[in-house]
Structure formats: C-alpha cells, structure tokens
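Right, one structure below, let's go through it.
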Amino acid sequence: MQLTLGEIAERIGAEVNGDADVVVTGAAGLAEAGPGEITFLANPRYATLVPTTRATAVIVPKDYRGNSGAILLHTAEPYLGFLRILQVFAEDLSARPREVHPTALVDERAEVAPDAAIGALCVIEAESRIEAGATLCPGVFVGAGAVVGAGSYLYPNVTIREQVELGRNVIVHAGAVIGSDGFGYVPHAGRHEKIPQVGTVVVEDDVEIGANAAIDRATTGITRIARGTKIDNLVHIAHNVQVGEDTVICAQVGISGSAKVGKRVTLAGQSGLVGHIQVGDEATVGGQGGVTKSVPPGTRVSGYPAMQHDRARRLNAYTRRLPKLFDRLRELEARLEQLEKESS
Amino acid sequence: MQLTLGEIAERIGAEVNGDADVVVTGAAGLAEAGPGEITFLANPRYATLVPTTRATAVIVPKDYRGNSGAILLHTAEPYLGFLRILQVFAEDLSARPREVHPTALVDERAEVAPDAAIGALCVIEAESRIEAGATLCPGVFVGAGAVVGAGSYLYPNVTIREQVELGRNVIVHAGAVIGSDGFGYVPHAGRHEKIPQVGTVVVEDDVEIGANAAIDRATTGITRIARGTKIDNLVHIAHNVQVGEDTVICAQVGISGSAKVGKRVTLAGQSGLVGHIQVGDEATVGGQGGVTKSVPPGTRVSGYPAMQHDRARRLNAYTRRLPKLFDRLRELEARLEQLEKESS
Amino acid sequence: MQLTLGEIAERIGAEVNGDADVVVTGAAGLAEAGPGEITFLANPRYATLVPTTRATAVIVPKDYRGNSGAILLHTAEPYLGFLRILQVFAEDLSARPREVHPTALVDERAEVAPDAAIGALCVIEAESRIEAGATLCPGVFVGAGAVVGAGSYLYPNVTIREQVELGRNVIVHAGAVIGSDGFGYVPHAGRHEKIPQVGTVVVEDDVEIGANAAIDRATTGITRIARGTKIDNLVHIAHNVQVGEDTVICAQVGISGSAKVGKRVTLAGQSGLVGHIQVGDEATVGGQGGVTKSVPPGTRVSGYPAMQHDRARRLNAYTRRLPKLFDRLRELEARLEQLEKESS
C-alpha cells in the first residue's frame, strides 16, 4: 500500500512543506525509518534526529522550525497523526478477502454474515454465528453455539470453544484458547473427580486477547471480560473470573477462580491472584506481585505476599540495611557488656 | 438436551416433590440458575436463596423443610447428585460423531478404533493408534507411533508428538503440546549444540492437561505423568520429569528437568521447581513458590527460596516489624549513650 | 532405523570390542538402555552400571578396562560420540517427505524451494518464501511476506505471522506464535486505543523456540532474536525486544517491551524483565528473578526486586536470623533497663 503525503496531510490535518505527491509505503520510528517511510517527532528530546533522518517524511509539531532532508508535515498532534497513519497501513496489512474460503468447514446450521472473512481450514460448528465484518484467519475453530461479534478479528489457530460469546471488535491473537474447561475437582474415593464445566465465557466489545492466552469457561454461569479490557500473551484466566472494563492485564498474569477484578485495573507482568478475592477499580498490582487478599480500589500493591507498594518498598529498604543492623546490635551488646562490667 | 425431573430423580436417587414430568435443559448454581434449569442446595448458608430462586428445580438435602417456587428433589447428597446431572449435560455438549471426518488425514498405517470420533482436519500419522471411544476434536495432530488411549478426549488444535502415549480417559485441552523437545544443549566450540531429544512422554489414565500447556519428551527414556494427576493451563513440564499419581498442578507452574514430584502433591499457581530435585508425596508448594531444593513428604513450603510455610510466614511477620525494630534500636543506642556519659 | 556397531564406530572414531555387525535401533541413558540400544559412559561415577547394563553396546572412554555383557566401543570422547549417534536417530525420526502435501495451501505468489517439506494442511500465504530443505509439519501457518530460512524446522500448529523472517536452521516447536501484535495502547477519550503494530520479528540462524512461546512483532522496526539463542517453552518476548547471540532463555520467562538482552546471557525459568532495560553480555538472572533495572555485563542477579545474587543470598540469610535478632534486642532492652534502674 502507498499513500501520498497529500493524502496523509488530509487524513491528519497537516500542512506539507514540500512535494505533496511524494509517496510513502510504510511508517517507522524516527531512529529506524528509512527511504519511502514516514516518521514523527513528538518528544522534543529527539529533535536532533530530524535533520539527519533517512525517512522520506516527518510529521512534526506546528511550531517545529528545524531543517531536514525529509519533507516535513506540520500538525497539532504529531503522535496522534502518526498513529492514524499507522492504522491505515496496519488495516491494509491485515485485510482479508470477504469470503468463505473453499476449504473452510462451515456447518450448515451456522450463521455467517455475507461480508465476514473466513480463512482456509477454519471449522465453524453448528448454531454458531459469525457477525458482519468479522475476520477469521486460517485454522480458527469456532465451537457449537459460539458467537464472534461484528468486526472481530481472530488470528490463526485460535480456539473458541462451544457457547463462548465474543462481542464486537474483539481481537484474539494466534493460539489463544477461549472457553477451555475450568480446573475443578471434588475428592471422591481418594481421587479427584472432575466437576463438569458447563458454563461459558463472555468477552465484551473492544477486548484484545494475546497470543497463547487461555480463558476458562465457568463451572456454571459466566466468566466475563468486560468491554475494552486488554489482555497480553500467555495470560491465564480461570473459571468464573469477572474482569471489569478497560483493565490492562500484562503478559503471563494468572487470575485464579472466581476472582473479581475491577475497572481500569493494571495487573503487571507475571503477577498472580488467588481465587475468590476482589481487586478494586483502578488498583495496580506490580510485576510478579502475588495477591493473596482483596485489594481496595485505587491501591497499588506489590511483592509476595502483596502489600501496599510504598510499604513493600520501605520494607525492602529496611531489609537491605539488615547487615548494618546486625553490626549495630553487636556493637550495642559489646558496649552494654562493658557498662555492666563497670557497674558491677 | 433435556431431562425430566423424574429421570433426574432416578439417576441420583431422589424424591420429586412435584410434577416429575417437568423438563429441565441445563444446570447452574443457586444464585444464577433461571427458568428451565436445575440447581442445588448443599451448604445451609445458602438456604435463604431457595425460596426465591428462579430455577425450575432444586436438589436439596433429605431433611430440608423450606418452601420454594421451584420443585424440590430431596436426596442424601445434593452436591454429588448435582454433579452427576452436570456430567450428563456436559457429556451431551461434548459428544461428537463416532466417525472419521472426511477431511481428517489418517495414515493407512495408523490404527483407529471403529467407534473413535476423529474430527475435521485432524492429522494422524503412521503407526499411531487411536483406541476405542477416543475423541479428537478438529485440528488435532497425532504424530507417528503415538497412542491415544480408550475414552480419551483431545480438544481442538492439540499437538501430540511422535511416540507419545496417552492412557485411558485422558483429557487434553485446546492448544496443549505433548512431546515437544526437551531443552538441552552442550557447549561446543563456544556455542550451544542441541542434544537430540529421542525419549518420549507417557501420560497415564485419568490425567487432565490444561489449555496451552507444554510437556516435553525425555532426552532419552520417559517423561511420565502418573494416573489421575490434574494439570492446569499454561503449565510447563520439562524433559525427564516424573509426576506421581493424583497430583494437582495449578496454572502456569513450571517444573524443570528431571525433577520428581510425588503422589497427591499440590503445586499452587505460578510456582516453580528447579531441576533434579524431589518433592515428596502429599507436599504442598504455595503460589509463586520457588523451590530450590528437595521437599520432604507432607511438607508445606512457600516463598522464594521456598522454605517451610510456617517459617516463611513468621519471617514475613518479622520483616513487617522491621521499621519498629530500627526505632527500638535507635532508642537503645540513645539510652546507652546517655548511660555511658553518666558513667564516665 | 538401524545402525551396525561398525557403522557407529566409523562415525565417531571408536574401536569395537566385539562383533561389529551387531545392530542397534536406539540410544538411551546407562540406567534405562535395554536390548537393541546403545548407551555411553562418560562420568566415572556411573562405571559400576556398565557390567550389568541391559544395553547391547556401550560407548566408553579409551582407557576404560572394565568388563560388560554389552559390546564396548572405546573412543576419546564418549559423550560427544553418543550425541552424534543420538543425532542420527533423531534426524531419522524427524525426517519428512520432501514434497508439498496435496492438502497444503500454498499461495501461487509464494516461493517454496523444491526440496522443502510442506506438511498436510499448512497455509503459506502470498509473497512468502520457504527456503531449501526447510520442513513444515502439518498445520503450520506462514503469513504473507514471511521467510522460513534454509534447513529450518517448524513443528505442528506453529503460527508465523506476516513479514516475520526466520533464518537458517531455526527450530520452532509446536504451538509457538511469532509475530503477534505487541501490547501497545494510548489513552484516548478515557479508553485504551490500540497502537498498530506494523513492525516485524527477525529470528536469526540456529535459534530454537519452545512450544507455545510467543514473540511479538515490533510496533515499528524489528524485534530481534540473534543467532544461536535458545528459547524454552511458554516464553513471552514483547515488542521491540533485542536478544543477543547464544543467549539461553528458560521456560516461562517474560521480557517486556524494548528490553535489550546481551550475548550469552542466561535467564532462568520464570524470571521477568521490565521494559526498556539492558541486561549485559554474560549476565545471569536467577529463577523467578524480577529484574527492575539494567544489569551490568557478567553480573548474576536474583530475587525481587533483583539484586546481585551474593547480596540477595546474604540478605536472605540475615532475614532468616530475624527471630533471633528480635530476641537479642529484647534481651538488650531488659538489661539496659536494669542498668538504668541501678544507675538512677
């Protein structure tokens, strides 16, 4: 795909200081962009890179006055403008034919919108529904009675188990599994007897789910990921978990069964939550934090077992002073002994 | 699927206090169950929910005397009864046609039991064996010489590498990989030379393996998961690991090479074991615990490096008192200095 | 596959002390090897196992003088010799027909070397290139414009997203995903707006990537894994990460965005790195280590937050002594009080 600088300027409300018919075919950061690419300057710290950039064009702030071998596009919000152009290139890269590939296996009782894109070797089972404009890359499995909402995009080799519902504009990255059985057993005759997992998963609009993540269906009822939440690679979400809106769950986080995570929460990488607790709205769990009890709204916790972050930091600082503490104690003991001798 | 209350009562040994011809089509927890569903009361704590439940029927203890708009089924063990009914609904949901789907690719030297269910786009390679009543969902790969035991159930996009043996009634969730190469190299000429991994994996009867889990084949010999062990999502089990019977391995646990884990052990979520150690029967490792040396049978450990859980908790409590400890030390120093002055 | 002891001796420069026409069909460790298999003795500690081994043949050091029911092959470096024979058996196990399977879907604008092996149900999209001698097992997806270098081996159900480049002799294990979108958003109108990820991933020669690992493409530019680096199962590597040559990344490690990891670094299992830091050449991060700031070359760090390993160990030792410290403090306080009483 290619765009002229004039087309770009029109899309982002910029002014071209040079030949508007020049064409770019990609976008990259200021340090990496080369000929044929457009880049941007948002942070004044990097202004020194503009004069020597190899890029064909640079989106710069309105008040930028420096020179450059590249053609400059002046605009009010360069980063937002760059983002819009990235989106254009990205959509172009990810577009797929609006058709059912002849090797896809669509059950006759499934409902597929005419403008959905169903890739090669997808399997779409009975009573499921693929809504308008949804895209399934090759090798996606959609189980019986599942729903893929309008505009959603499923990358290769994704598994959507039966009855699972994805909302509109959901993105699921390659290898992710949604609706796997929850991990539940009862002791019976000295062994673990499986508790059937007959609930499901509801993923609301605008959620994104990372590569090889796994979200379990509820035992009964619903595991729910609310609108706008973003989930990174290799995250585990157990049965009956409820995650609120616009929450950010970083890579390799694990959330145990029936935990409730609020809105606009941040769970940093590799952190873990025990089951049945609540993490309040806008709380933050630090990287590798091990949360063993509920976290009030707006609170930042870290460490294992997780505690208020400031306190955890203070305790870490005290711990680092332990060698000196032992020295001081030893000195005290000696001085005290000396005093005791003298006074006896 | 639908069951009459009479059929349910017969299956679980209950007495119907109402119209036994009423039909239910699903089962759910007491708080969530709606019309057309059956639920249960086991814990007296929830008895207040029975009168107002929206469920069509409730399985209750024999001595339950409360009223309800729902039809009550009295039985000795309500939870076990509910579990049996859940199992009926779950089996119905997961049943697949006892046939080889025409798009499945079964090598002519593979052996597939006549009543196995082989889904669309499965690949079953030479000399492998799929036993009676086994189910392969679409997109499963079974490598050369591998065995899938009777009654086992493999969800979509599972990879069973060559020579791997699964016992009877094994469940493998979507995206799991069994028999990937162990992670072994020798230094050679300043680089890492791969040690070929020519062993295999044996998974015994009644084991369950979670979504996107990975179990490596042995370098030589066998990585073994013994009967009845349950493994959650995204677990990593390295080459030559031995796991005993009826052990529970929670999500995102990692077990390093050649570790031996006993029977009825519990490894809580995100815990990790270094290689070549032993974890004794009925030991427990706490969430995120980092086990760096062998754990005796029956012991509970936690933290990093993992130590006896009670001791770890006590040390955590002491650590939380460090700020006060420093205060006390400072005060002691001041008082001692005062005394020294006085006595000099 | 079978080899005579004569053929083996020739390959590894050994001398057969017995019938060189005897045939073996496999290789295993000294404790496990049985009839028809060859094993080895490298560590003198295990010499007592040689006389009673059930193996057909044993590769032993030149100066080994013990007896055995097995046929002995004397050579200078028994382990290296054994490794070579393992490699022969392993190559035989993993060899696949040099053809494009009739069910594979190769875009007509893709370029596939005549001697590549393309398995059943692979999808190879436009403008991609599969080089000489590369092997794709069944169910592999290779996106548009991607490159699979000569001699590389991709196990079942691997996803290589568009534009990703794999070098020569790269091994990717089942279920791994390379080139998934980086996890990047900007706040916009109170929500998370996705930053399109239009960069890519370059995996250089001789890299190995474990089962169900996930490596994200760069936002713009390149996520790079340099030559010879080995990555274990379920590892997460975020967008724009740079990993140097011959580094070892153990299972379930997580590397956050834009981190730079040097050459010959070791990241032990379940360790994690925050974004934008540097880990110097030949540094080591201990198991479960949580690295929150840059690590100088050659340094060993562990714990959370990660610090120099020796210091972390020392602080752990001090922490274990806290109960006694409190006792000593209490005693000091009592004695001081006594002194104060006396001196007043």
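Chains: A, B and C, in written order; residue numbering restarts at 1 for each.
FYI, contacts are C-beta pairs under 8 Å (C-beta built on N, C-alpha and C of every residue); 3 or more make two chains touch, one makes a residue touch a chain.
None of the values given here were measured: they were computed from a predicted structure.
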item	value
Type of chain A:chain B copy interface by residue overlap (half), same or different	different
Fitting chain A to chain C on CA atoms, where both chains share a sequence, rotation angle to nearest 5 degrees	120
Centroid spacing, where centroids are CA-atom means, of chain A and chain B in whole angstrom	25
Numbers and ranges of chain B residues touching at least 2 other chains	121, 139, 157, 175, 212, 234, 252, 270, 288, 304, 319, 322, 325, 329, 332, 336, 339, 343
List of chain B residues in touch with chain A within their complex	26-29, 32-33, 79-80, 83, 86-87, 89-91, 93, 103, 119-121, 137-139, 155-157, 171, 173-175, 206, 208, 210-212, 228, 230, 232-234, 246, 248, 250-252, 269-270, 287-288, 303-304, 316, 319-320, 322-323, 325-326, 329, 332-333, 336, 339-340, 343
Chain B-facing residues of chain A, complex	105, 121, 123, 139, 141, 143-144, 157, 159, 161-163, 175-177, 180-181, 183, 185-186, 188, 190-199, 212-214, 216, 219-221, 234, 236, 238, 252, 254, 256, 270, 272, 274, 288, 290, 292, 304-305, 307, 314-315, 318-319, 321-322, 325, 328-329, 332, 335-336, 339, 342-343
